[in-house]
């Protein structure tokens, strides 16, 4: 063999991540960390459903498995956690992780009341750890490009904004999705709220008026499960925004944003895969994207890559990732969007507009 | 000459139309009648501004000119009138025309209060004349095609609807446009209300919540001139609709509609002329349509052609024009949309949702 | 009656047009002249099939009918003719019409050999009448907008051009369409040749290489009926163009153009009606335009309006219609495109590239 | 610590790949292997320019570096090679690699004459190693979806095909790109030839007619450097195809495909990033993709993932990757496309159509 002696290439220690919650979303994040995020490693998986955790670990070659997140917090070989548990545990887990000195990536919503979220964010603040919330749309090509256009002034001062989410479905709501009553605001529209806040950066949401109903599955109306909602939002700069959601789009996952302002309009997102188009005797047809992990696959990877880079910078003393635009969603973004979702719930209950402020628990 | 003797081709008497109001819109309708609508003739023009009427008559070769609409009502050679006066005269003129036995095409809004409109529509009813309101979007290719798709069930039961109007502008509001305070609801969004009602045919609007502001020209806010508005509408079938308007789109006239339902989504309208596209070092660019009479030229012609055909059928005893879909907007459509606009004004004043019902005058 | 005495509005005498040939295309032109072209009147119809002429006259209220075009040429009340006879009569009819002092609009091709066309054009030249050839695509919004972009330099110097025509069909060739062997070049691709020449204005076509086959209806290959063709064209400025045609597009009429050059690309035409879009469980779908008279309805009207305006200017001494771009296709355009079609026929016969020059008859 | 003892997760040995050639393309492939292809490892880099190899190795953490590909062929720890050397070494390197029992991924073209390629492919055949050619477009989402549509019969029997490549540029040809005279056929259009062959699967190309010129940089014409070309291709099933290329599209990388047939049309590729759209006073604008590694990033990864999976199956005895459509481009594909490119060169030289057959060296 005549290979030339290679200079020692000191590969940096990867960011060692512990996953908390190995459900559908957690499993997808784990796969991203293990296979698609450079400089990161999936070091451990915690889930009370230990079998679920073990299966995922086996599939991804992860060494450590536990039923208790405590083990991960106590593990000195873990740098950071990805929290993908049920939403009701998010705020407590953020607080515990921060107290243990772990950097935190948490799925949305970061909490279910402003009180518990404030406690968690105070722990983050005190520990000085990095905190990121899973508003992945900021990382989607189209939304990021739109944000760049907006930052460059393409639309001028925003006057009218729109963000919509239509989840893929079959025209009825499966049992599994039925449990949490206010899911449409706390888990779905919270994405749209963040998009609108981000697109209208510098302004604060001041008032919401929300209308919601069970139109996909009217039989669930009595149990409080709402599948369709429209929210009008006033901002401190006068801009008026509309957020809209529905849980059963037969044509697949549909996420779009639009900002109209004094100079023009910027649009993000699309419902068509324009990549391949068919023209037949029936006219034009084309496929539409079906799942969020199809449409936003790259965004899911990029948000974790940004997280890993931020953690590495904190851990190793380097520079944080930077961008021409505001990108990484953090504590203030998590809180602002939650406050809007909570105000929406109150608005639906009262049938009147509600100021966005220090809301109490649900 | 050896021309063969042609069978007598009895050309039918055209529908003889009198124009009331020779302003911008009236002049355009006059030109349509005189030049683009088969089987119709522009027989007379009335305008208190007699010079305006004379200029238009000269241009179009119209024989009769008058300062008073009374002359047109009294003229036995006139079959029908096109009312394009200022909106505050619409209801009285409808009532007078009907009383004189003239068929009526009236620009929107048909009145400024439900009381005056009801009086006018009662006169129409009693006289048995044809009445049509100028909701021209129903005749635009894209909207008509969307309606056909909806009638065929492409979207299933409507759950979420959207209609928007952005008038072309330059970023500020010209003086001439400043006078009427509630123009955005009574003259602009009333189009969107009709589109939504038509797309959601069979359901009644039950409640509106309107937010409006002077964002294009904040200096006019104190005078009550609002240039930006968003309206949330509840329908009797549960559907939730959003109508949106702004008076100054720098990229030109932007009118779009969208219906999402249990089976899918149908979209109408577009902001791009896709006819010619440029790809240069700056990327893709294309022209956008600027004026309503550009984007909807064919729709403006077709609504008058439909009107002329309906009048001819009434006058000559033939059959009325028919269509697979509900097309011609009439008395109930004019009243329903006006009731919504009036409820919106009340909602802006009160800051609360308002039921759509028997509203009093503005 | 109190109508004000109107100033005498001297309506100008319309351009009085005689139609020669009342087949499908002729009937459509007749309807345009009678109903859609301002300032023009359909004065007479000539067709050896007198019944066809009479039916059309009855439908459009035309007074004069004849079996012989001679009557039209001899009629002093006729200003101009629209020639829509079978193509083999075009050149002789042009010559006769010009000799009789009639202005001429002729459907393409203007002749079947350069010799006969040159004789006809010499008669036009000598009589000083206006001559226009039916290259209607120049008047289609998208193509005209593309031409304006090209004239403004959007694509720089053309390097690669493409024009295609796919006629609507059902997958087989009807009997009626089978007769003329070289139709694909003489009647179809001649449109594309003109588009390419117009888009690459200032350059001359120097060489063509044509490949053609009977792919839709292979059984007709032996009778010389070709339904599919691709032509490569060299221009004097170095640009390379491709023209493509097929007689049976199941999705409808498809006409597109593309110019790529030193500065970028300009595209014209589209295969989708983007006006209404459906999203269902099957994905995106939209209607496509089917017939040339659907897709190019406005272009067919505008070419005749341009013709009428040119004739009026010649007759009444006014100014001819003008445009920022070269628009009206005339004698040189008719000849250039025909020379290309004839060279293509020779290229198919020889299987080799052929110079575009003084070609003999077919 | 209370981590549960994890079942031994036997991570399979990754496919160990040696890179030959660390230029621009090689470096990109190396990065894909090292970072984006699951189950693959970049084990060694060979480049006569040892500094280039060392820099790349340092960046990617690759252990072994050599100036000679021989070292890689001799290394028992290497399973497969990626050949990204200058094209003139491709065939000899394929032969050597195969003789050493290494599986081969080779950038296009696989050779410069059919003779040398045949020798290389014979070595591959004899060694029984896996061979894949770098026709990456097959793995691009849009092209793959189009192929699936075609395989499902969406276009019926192909009659007209088109494939085009426009490389991004600035309007002039940089020095570095000027050297190889027939690059446009051997390195660029060879992609389009494969796309057309793949889309028209089952038919053989029988004849080509090529026109080429130096239109971007006319000063290089004398040196034989051609930057613009159009090729007409006849297929054994009668279909007629056009391939088109240019080396300087100011708007970026433009790769599109279109198949028209007896049932309809399928289109692949797009020139617009539709993800974010701007509407301003100037009309619509949007960004266009610039580089091949932007537009086809995922395709470049997926072709190597497919390669790694095939190699793993051969090495470990598992099943090869499978697909509903013909996907992996192999020996016959490499040879067919090369034969077309060589016939094109002959066609340009002779100015006549040339049969695609057993061509000799350039």
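Order of writing sets the chain letters: A, B, C and D. Residues in each chain are counted from 1.
The criterion applied here is as follows: a residue touches a chain if its C-beta (ideal position, glycine included) is under 8 Å from a C-beta of that chain, and two chains touch if they have at least 3 such contacts.
Every value quoted in this text rests on a predicted model; they were computed, and no experiment measured them.
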Worksheet item: Which chain has its C-alpha centroid at the greatest distance from the C-alpha centroid of chain C?
Response: A
Response to the item:
More contacting C-beta pairs: C-D or B-D? The answer is C-D
Fill in: Euclidean distance of C-alpha centroids - chain B vs chain C, Å
37
Worksheet entry | Geometric centre distance via CA averages, chain D-chain C, whole Å | 43
Discussion item. How many angstrom lie between the centres of chain B and chain D, each centre taken as the mean Cα position?
Written reply: 57
Worksheet item: In chain C, which residues are in touch with two or more of the other chains?
Response: 249-251, 254, 263-265, 271, 279-281, 287
Worksheet entry | Complex contacts: residues of chain C adjacent to chain D | 156-157, 159-160, 162, 166, 171, 209, 211, 213, 215-216, 218, 228-230, 232, 234, 238-240, 242, 244, 246, 248-251, 254, 260, 262-265, 271, 351-353
Worksheet entry | chain A - residues contacting chain C, complex | 249-252, 254, 271-272, 279-288
Discussion item. Which residues of chain A touch chain D once you look at their complex with the stated criterion?
Written reply: 1-4, 6-7, 9, 11, 35-36, 38, 44, 50, 54, 57-58, 61-68, 71, 74-75, 141-143, 145-146, 148-149, 154-155, 263-270, 273-281, 287
